[in-house]
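Below are structures written as structure tokens.
Common to both upcoming complexes is chain A, partnered first by chain B, then by chain C.
Coming up: the complex of A and B.
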């Protein structure tokens, strides 16, 4: 049998029809805009509020502060991103951050002789253990990640309240430790540099190493990944442990920056972090990604900042509105992309069927 | 792509942005400028001087006719860490009377269920803090039906005894008025009658938002060259760590503001560092109800003055009202006398250092427990 007989013959008319209807050759403008919407939004806010409040919004103080204040939430968002790449939701990232913070404070108060950096290493190890426990619940007991990590977050909150005796912890650190979170390098807040280093590291691992590709493979289709020989369970363990370590790191950064534990600090960061990750996932490669997450987070943060500066404290309702709207828009965009993909596949199938029919009329079927 | 679809999307986004901006504009406040100062009246100076030293006496002076018989008390421990401290203090007070104490933890979103639990336990008295009766009306009505008197602190209801089944509300709005009057007077004196004050508050809680009119009224009375503006913080922003940013934004937008009045001490960890980073060191931070962190901030130079309100004394005040009900000696006038606590202004490093080691802040006047014991016929 010659190859010519098996090769589908597509008529020029059908090919034109397929291309024009599926958009195979040109990406729709709305999809392109959606892919860069966070950058466009950020630029729009900068222009708008730069015109409305040039004296304050465009000042270096505003930019430095907005980056500095957003660092911890952004790190929590990156913690959520890792397991999400593998298709696992870790809703305990905020509570893990709080656990890291309470442990830093507790050791600082009760064992003042221990250097904070040693405590920080212990905290990261403990957080890795938390991630391991979450993974055991998800992998061994087959509990959905959403439910498992929600439960873990409550256990962690209980742990924090127990450690803190339901009180605010303060005065645990020497000024040298606090300097690590409040200094500047060339006018850039040092905590922003910590975030940048973490982001570059995560970007490299997720986008340029086999581990990253495997995580995304598991995230897009765990069964296919399993059949392809990937150890899905080990990747789930690894992603959750990494997430918890990054969450603990957020707590350590907060201890450097503020130095005080309060039980509301960690869980309160969850929603802004989630909104940034989901909004970010609609950016660039249209899957969970580091730069999309950070740009989405800071685009919203600068939007809130601009409104606060322009319209005053009466806009206290803006922050939840922004985060909620971002989440809704992100999911809507993602659904739109999925819808377009489905429609495209359907059109391809229809075109292929037409072609096959046309080819069947022209050539005899293979034996 | 359908161009109509693009147009609709564009219109939708534009509409949302314009709508948001319009709404925001409606809620914006006007900028003000400082006048350059005026004269500080003698009345202000006297008022400040009156509260410069730690008080030595409790407010209640009327002794009971006899030590009350044994009762059982349930305290609703709210989700805020402060409530744990208050619960411990109330336990200490009622134990002194030889009474039984039960602490019941209330979920953050359902205070009433904990009140109902206390009713089911069949206690003699129920006490709680920070929640207005309206927020748990059904459970409160059930307590009334069961004949269990309710005692409160840090809320906005006015006790009417048998008429309403509410027999106490210590540190209520009248107390907030007093804090505002004293601390605003301190600001007037400290600024040389040249103050522009940002009053940071949470509108959802009347005992915090009442500071806004309290400061305004004091300025109207004592300082026509001073101004104030509210800095409203929502609970959501507070818990998601956004209040520092909101406060700093307010100060950036209102450079004339030179005093930040925190209606509640524990507003936001990290405010001091944020102000420093923003170059807003010249803004003086003052506030009410300092915890250990805020006392430390005064020592570190990150805040300037605090109204010390004694938490432990609050619960002994509550126990005192229970004892009066137990003896059939409850009187609204006496209850109102004790609603405003003994307070003083902490504005020096020495004063702060004297209480910085107290984890739960200043407990009350020296020997306040002995004073209550005397009132109760226990010493």
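Coming up: the complex of A and C.
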């Protein structure tokens, strides 16, 4: 650019278009409602089935039962949430839960002398190793997380079938261990308290510590995170190991509650957990988050429970329908929001490109 | 009858005139070069011809005496005006036949099955018009860049033997020197077969050796249309840059030669970059200039460890920084702003504050817990200090304009108080006002203890900010311009253009 070039002037029109695309901060009502849709749904179900089935749906037994039944799946959902914050899909959470369960029961059956809490610690360590292996495949061999963890989950299933000898496996635990899973504190199922403690812990780490901040940064833009000085590899290792340990914890809680392993237990939990996380990610701050996940999960669980109570035992097909529909709608809504931001970004780019053109074609326009 | 005749072509972007009444005449069977600096309007002209932009009212164009509607891609295609862009647009996993048949209709047997024999014959015919035969069953990825360019040209040729006008947009920018001759042979073959060629290039010696005539654009105006035989190197350089070489020194700075260099970059080597060395003294701002393909693009990426380097070391205060590791570079006291903001810098789903503080959260961490309040306070200070237009620290990053996003990234780097700041094209794609502000921020915050390396395509920017500018060409530093001696924007332009042809 020679010095006699007159300074190009940005036209007011370009500025206006930039402002109009970036200045709109008022949130439409539909978006606000969408962010609280899980709570609204839960309240709606409570009112609807409260009117239809006041005697059964509103009883404390039903609520206690629904919460205590849902705890294990909800823990699996929280396991899925950790790597998802960093943009990594861990589809092996269900299988990890099954692995934790089969190990608990196998030791309970074959080594009744070992205290269950010692076995539980061993199980958590083993699950951490599973997460480490998944991370090696993803980080070192650069396999997509979706593929890697899908493969790992099948290997884990094989391990479970081998351990259980392709049969149901019930651990013969002392009653003190089962009490840990079936007791109540102030009328609240004790397992629900485990979930609550875990949720508070995870919420604190994800929202209020540097580690959580960095996980979300990696999830937002891994390349930018690396260039901002974050150790993306270590965060990936950490998130997958944490997710596997939480998955193993879900298996341990299940062993306290029911005790019986069969090969469909773990994989069966994956989908409901996933639906809860993605539905939950459309709530509140609109990114994967702990409370959104839990509220989404239990809103759906209570909906299913209400339908079953109202329409009787013939409605066994309700649950997958519900969860499938919830996942589809939640993700569709979320991508609509993403689409909006992408559109505004597109507008910005165009305005910037026009400016650049006016400034002497410093950059080629986007194609 | 001319292969292309454009009269009175103007183009205005948002009130700024990019092309002003440009005429362009390409004779049948000639190789016509189109030259000019970045921003001279030549790429806009090509884009209008390709139908990407529409011209302002009043322009006319004919191809072989037939009217061409400018701004229409299909009209240009119908009149056999074809384009080969720098990235070629080939699919490397497909065979030559499949690549050439992309965008063509496959011949079929009985209307169903592809007639591969015939398809290969079409591919062979197209290739034959550009040079010696190649086995069309091989995949494109097996070939080097020179052959790939030839395949892309073959694909652009019309099916029948009608003469075509082929536009080659910077075909040699990515080409190693030894392959350039092969490409020239292809171009000469094309012209000999009755086709016409428009060649857009920065490399003057290449233009002088292959073209028949040259049109020179400067600041959107056609300044010359000459036969290649009538000009030499110096004359062409003067035509491109124009005017007298006025010294332009806005910011005198004290010489820092007495203090020892704290940052030493030695023998940096990448793919297009063959060797880059620089010593930076504390308080010094050093610029790196160079045309596309000169290796300038890689200097910052290799210095900060964004890309792995083949050779070379970076030393800060005597400590060697590990190669290919941004974490190590940051620990050694470096900070940077990468080009391509959206790809390398911005966390689009996060707030302004989180984007700003992400590289160092320690000041806001109290016993493991993030103190959101002190984080917001610091963000608000930077918003104030750098004049970032945002509704507040919690505003979503995507609600900011490009220039303000860039200022957030500048703040992210500056708050690390680096000993060595690397700015990779810091004002690319942001508007003029923001550019001025970013320049102001850089000069204000460049302290006596900080060394700054700026790579830029904008000579004006380098001339304003830098104490020294290293000019790159063909992977090496070919010139060094010093403030107060010979540093100004035209000199940078001159060294770039002259270096590319040396």
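We take it that the second predicted complex is superposed on the first by the 321 of 367 C-alpha atoms of A that agree within 3 Å, B and C clash if a C-alpha of one lies under 4 Å from a C-alpha of the other, contacts with A are read in each partner's own complex, and residues count from 1 in each chain.
Definition applied: contacts are C-beta pairs under 8 Å (C-beta built on N, C-alpha and C of every residue); 3 or more make two chains touch, one makes a residue touch a chain.
What you see is a predicted model; the values in this text were computed from it and never measured.
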item	value
Chain B versus chain C as contact partner of A:46, first or second or both or neither	neither
Chain B versus chain C as contact partner of A:208, first or second or both or neither	second
Contacts of A:62 with chain B and chain C, given as first, second, both or neither	first
Partner chain(s) touched by A:221 [first = chain B, second = chain C, both, neither]	second
Partner chain(s) touched by A:170 [first = chain B, second = chain C, both, neither]	first
First, second, both or neither for A:313, with chain B first and chain C second	first
Intersection of the chain A residues that touch chain B with those that touch chain C	none
Chain A residues touching chain C - in the complex, by the definition given at the top	1-5, 7-11, 13-14, 18, 22-23, 25, 204, 208-210, 213-214, 216-217, 219-221, 223-231, 287, 341, 344-345, 348-349, 351-364
Footprint of chain B on chain A - complex, ascending	28-30, 53, 56, 59, 61-62, 64-66, 68-69, 72-73, 164-168, 170-171, 178, 182, 189, 257-260, 262-265, 267-269, 271-272, 304-305, 307-321, 325
Sites on chain C touched by chain A in the complex	13-16, 18, 37-39, 41, 43-44, 218-219, 241-243, 246, 248, 304, 306, 326-327, 330, 336, 338, 342-350, 354, 358-362, 365, 368-370, 372, 391, 395-396, 398-402, 412, 427-433, 435, 457-460, 488-490, 493
Contact footprint of chain A on chain B as seen in their complex	1, 5-6, 9, 16, 20-21, 24-29, 81, 84-85, 229-234, 236-242, 244-246, 248-250, 252-254, 266, 269-270, 273-274, 276-279, 291-293, 296, 359-360
